[in-house]
Amino acid sequence: MMERKYRHDATITKVDHLDEDNVFLTLNAPELSELSKPGQFVELETSQFLNRPFGVAICDKKAGTVGIGVRKVGKGTKEIFEYKAGDKATLFGPFGYGFSISEKTSRAYVIGGGTGIYPLLFLLQELKRAGIKTYTGCGFQSLTHALMIDDFSHISDDYLTACEIGEADVSGTAVDALAELYERHGQSDGTIVYACGPIPMLKAVNAWCEENGIDAECSFEARMGCGFGVCRGCAIPVIRDGQPTYDRCCVEGPVFRRGVVDWEGL
Amino acid sequence: MSTIDLSCRVGDLTCKNPLIAASGTFGFGREMSRFFDLGVLGGVVSKGVTVKERRGNPPHRIAEAPGGMLNAVGLQNPGIEKVIKEDLPWLIKQDTKVIVNAAGDDLGDYVKLAEALNGVGIDAIELNLSCPNVKTGCMAIGSEPALIEEVTRACKEIADVPIWVKLTPNVTHIGDMAKAAEAGGADAVSLINTLLGMRIDIRTKRPVIRNNTGGYSGPGVFPVALRMVHECFKAVNIPIVGLGGIMSAEDVVEMMLAGASAVQVGTATLLDPYTMPTMIEALPSVLESIGATSVSEIVGQMRPW
Amino acid sequence: MSTIDLSCRVGDLTCKNPLIAASGTFGFGREMSRFFDLGVLGGVVSKGVTVKERRGNPPHRIAEAPGGMLNAVGLQNPGIEKVIKEDLPWLIKQDTKVIVNAAGDDLGDYVKLAEALNGVGIDAIELNLSCPNVKTGCMAIGSEPALIEEVTRACKEIADVPIWVKLTPNVTHIGDMAKAAEAGGADAVSLINTLLGMRIDIRTKRPVIRNNTGGYSGPGVFPVALRMVHECFKAVNIPIVGLGGIMSAEDVVEMMLAGASAVQVGTATLLDPYTMPTMIEALPSVLESIGATSVSEIVGQMRPW
Amino acid sequence: MMERKYRHDATITKVDHLDEDNVFLTLNAPELSELSKPGQFVELETSQFLNRPFGVAICDKKAGTVGIGVRKVGKGTKEIFEYKAGDKATLFGPFGYGFSISEKTSRAYVIGGGTGIYPLLFLLQELKRAGIKTYTGCGFQSLTHALMIDDFSHISDDYLTACEIGEADVSGTAVDALAELYERHGQSDGTIVYACGPIPMLKAVNAWCEENGIDAECSFEARMGCGFGVCRGCAIPVIRDGQPTYDRCCVEGPVFRRGVVDWEGL
């Protein structure tokens, strides 16, 4: 039988229910963890028809495990929420063009909102390994919705939680946290913003970067058919050669340089 | 190990096995080559190609349904020129048959596509007279026998490779469509394309798909596809390429018993990129289990009551 | 508890809620009364009734498919006379609307059935112009607009209750069929009946269903049904009763947003006899979750892109 | 919420793998066990589209349990074969017209073949309770295919295993066992044959009964849509008022008096 390098019949080794709607799964999948880079995603099989995409949130190549954070929003994620340690799970991946970590990068602002924070954990891990200073801001609806504060503040050189409701480090959005962090740490050559979260957040990040002349890499979500580039289901509006067109979220993305994205077209 | 002969013929074309990748779920093949050597396949049908580049429909392009999915990609492709320059040369080098799915707004488009593909080195052209996700051409042509015949004949006169005509299931009498293709000189008909469907997001009250309607594919369409393949098998003498909801080697056999000389696999690849090799690996033992020694001998062998 | 108004109207007929049992999956209601009081339902459509008793097709009559099933029962029923004498009196006594599904070979049959049902005390007749499992009538009539109009008009002239026309999805332009029913004076159209499908037992090489083909129903047909309901909603001014693959209260809402004034539930009942009460119990909270205060206000409220 | 008397959300309390293809499940379902009569069946939910019918094979009203024997033949039963104790299962039923145990019955010949033997266990339990003598014959392909010999011989007044291949009590079919038992125990007023098994066996039982002038009740199988009488999917050819027609296996059956069955039409 032919080798199936991108198919992983994994075992769930750990299930952490972060709150009523969020679960963090650790999966034993050595080849997957070997191949994964920050910003890439996996496609998880459920009893629903299409597989479900999730960013790789933790990757321990030594242990041969990956972690994904999942928020319960619909039928597929509801099912995933019920997984127990010991259950089997089939995943495909890793897929997609992840975050790029350049030699020139000196400091990174890492901005997340909602479930967008999960894949940033893996990114932060790799940025740290590369010796890059990281300033992280995560935005949530309220403090009760905030997730993994300890993990993020522990791995970042500076970390702020932003909430629109209630008391937090910053009262406002993730972009307000970004502004506050920028206030504190400024920029130098090779400063970059990494962002992952809902479209309105990404738009605001883009506007802020525009204003401050900083480059950004933004991770997008799109409904996916395949996850590996053959169906063209996952269109993200971009500008290529001056023309508006659609890139594939699963191949050219999910991470896009902010300059190529057709922000109006979104 | 197994001595089952998997080779099959669609008219003059001989494929090493009956599993051909369907159009639109295999790109131009290159993305799939990281998963497996395309040489294991009977053939590959390219994504639908148009005369000019198409941007496709805005998102969402995909919706889910029990037993299947809806799509309205809208034929996003770089246009025939670029495809011939950038995509086909690689694909033709693979050890498999290459069929180009051609989609147009009118007769002129199809003729231009057939012309452009002359001498390129592909193995067949599949006329997409059935895409439900574009405003003109395709399905509008594919539900009118006279138009099917006209377009087929015009392409047949020009093309230097066999012409397959891909039919839409959204018609009252599928057999009449196949007959029209045959009358126009088609070398084969392939069916089915997608069933026209819709889903609504009850919260936003919007169709889930930006195009409002989309093409329904996957295992949920299999019984309809099977019935239509058999209707065409009874209606025409040219070979039939059967597709629609094939998910397993058993489904391949069922489709061929109904009359398909070869099959295509679409949506199943999206759920598992290794699906087609898995089916090819399983096919000999399924054939053995029903007492067949070759795949070609089962074509149309269903015995109606 | 909930203040959501579930009552709905199909023309002049007011139902206490929009959930009507579909024809052929609820018998004549009596078998279902051991599960629940039929008074909880908006209405019940009887099994298809013919002029004379029909024995139906030989077995197998049923096959499975992913996301659905095929059936070819062949309208087994005791004939209109016996139904009026033995089945309808009980059904009419239930606190729900009673619709009789009438199936014939030709115009004369439909007229006879409409005549026979005068004065019986039912609430509507559903003309089955769509059964795919009999050799004559039904679907053959239901794919010809002129015949639809003729049969509808003839029955309309005779019947003392509203006439619904049940349409087949096995046509190219469903809107034209609805228009023909409207032109003939129909009070409503109901759709969809089953999609024509087939399955083969690969071991015996025989169609699983003795009738060779069967009608495909269940969640796998939902996207097609929804699209067709919306097409009819745009095409005609008479109310639409939507069905095909409805499995949950969410599906009911989706179907009504597409344009259905009421819905019917068929196959879902076979999987769980309590399905319809379950949907009715769940409906208020689904409506609340999308901000609706009554079921009738959502009819056709889908906002196309 | 309305009561759902015929729906049972049961727990599997015991799983006995009888051989490579047969499993016996015990389910905790008090209302179901309360309602069940021998010859009736349940519809079991699986991940397949339609529910799967199985005869009630054991019924312990005190313990609130029922048992079903399942042979692995296709996708649904393959899934059932994997069930473990503690798993949940949804069943509907009991449905159908079961075996009738008349006051006048004095002795019963109970004949089973293949999976047809399972529902006969429950029947034997009730016959015994009614003080009726039972002579049981079960037919299998070979002795390695034989099932539950101990259970059957224990509960019957006389028991024979028949196999076409290899050494058994009777070498031949279940009907040969019936003939042998009849040889031994004869008939009197109120003798009846109860049979459950594949069509060829039922046909042979019918022919034998015809010859010997004995009545029989035969349990049939048919593909079912609903299991409770509304879809007319489960047609069994019968003669009613001298006319051939179709009864419902799930309502008028699965048990039919041999006289009403249209044996030619089968």
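For reference, chains read A, B, C and D in written order, and residue numbers begin at 1 within each chain.
Please note the rule applied: a residue touches a chain if its C-beta (ideal position, glycine included) is under 8 Å from a C-beta of that chain, and two chains touch if they have at least 3 such contacts.
The structure displayed is predicted, hence computed values, not measured ones.
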Fewest hops from subunit A to subunit D - one hop per pair of touching chains: 3
Centre distance in Å when subunit A and subunit B are each reduced to the mean of their C-alpha atoms: 36
Intercentroid distance (Cα basis), subunit C paired with subunit A, Å: 47
Centroid distance [mean C-alpha coordinates] between subunit C and subunit B, Å: 34
Residue list for subunit B, restricted to those that touch at least two other chains: 63, 65-68
Graph class of chain-chain contacts, one of line, ring, star, complete, other: line
Interchain contacts (touch definition) - all pairs: A-B, B-C, C-D
Of subunit C, residues touching subunit B in the complex: 63, 65-68, 70, 143, 170-172, 195-200, 202-203, 205-207, 210-214, 216, 219-224, 226-227, 230, 245, 247, 250, 253-254, 257-258, 286, 289-290, 301-305
Residue ranges of subunit D touching subunit C (in the complex, touch as defined): 1-2, 4-7, 45, 48-51, 92, 222-226, 228-237, 244-246, 251, 265
Touch list for subunit B against partner subunit A, complex: 24-27, 31-32, 34-36, 40, 47, 55-69, 71, 73, 76, 218, 269-274, 277, 281
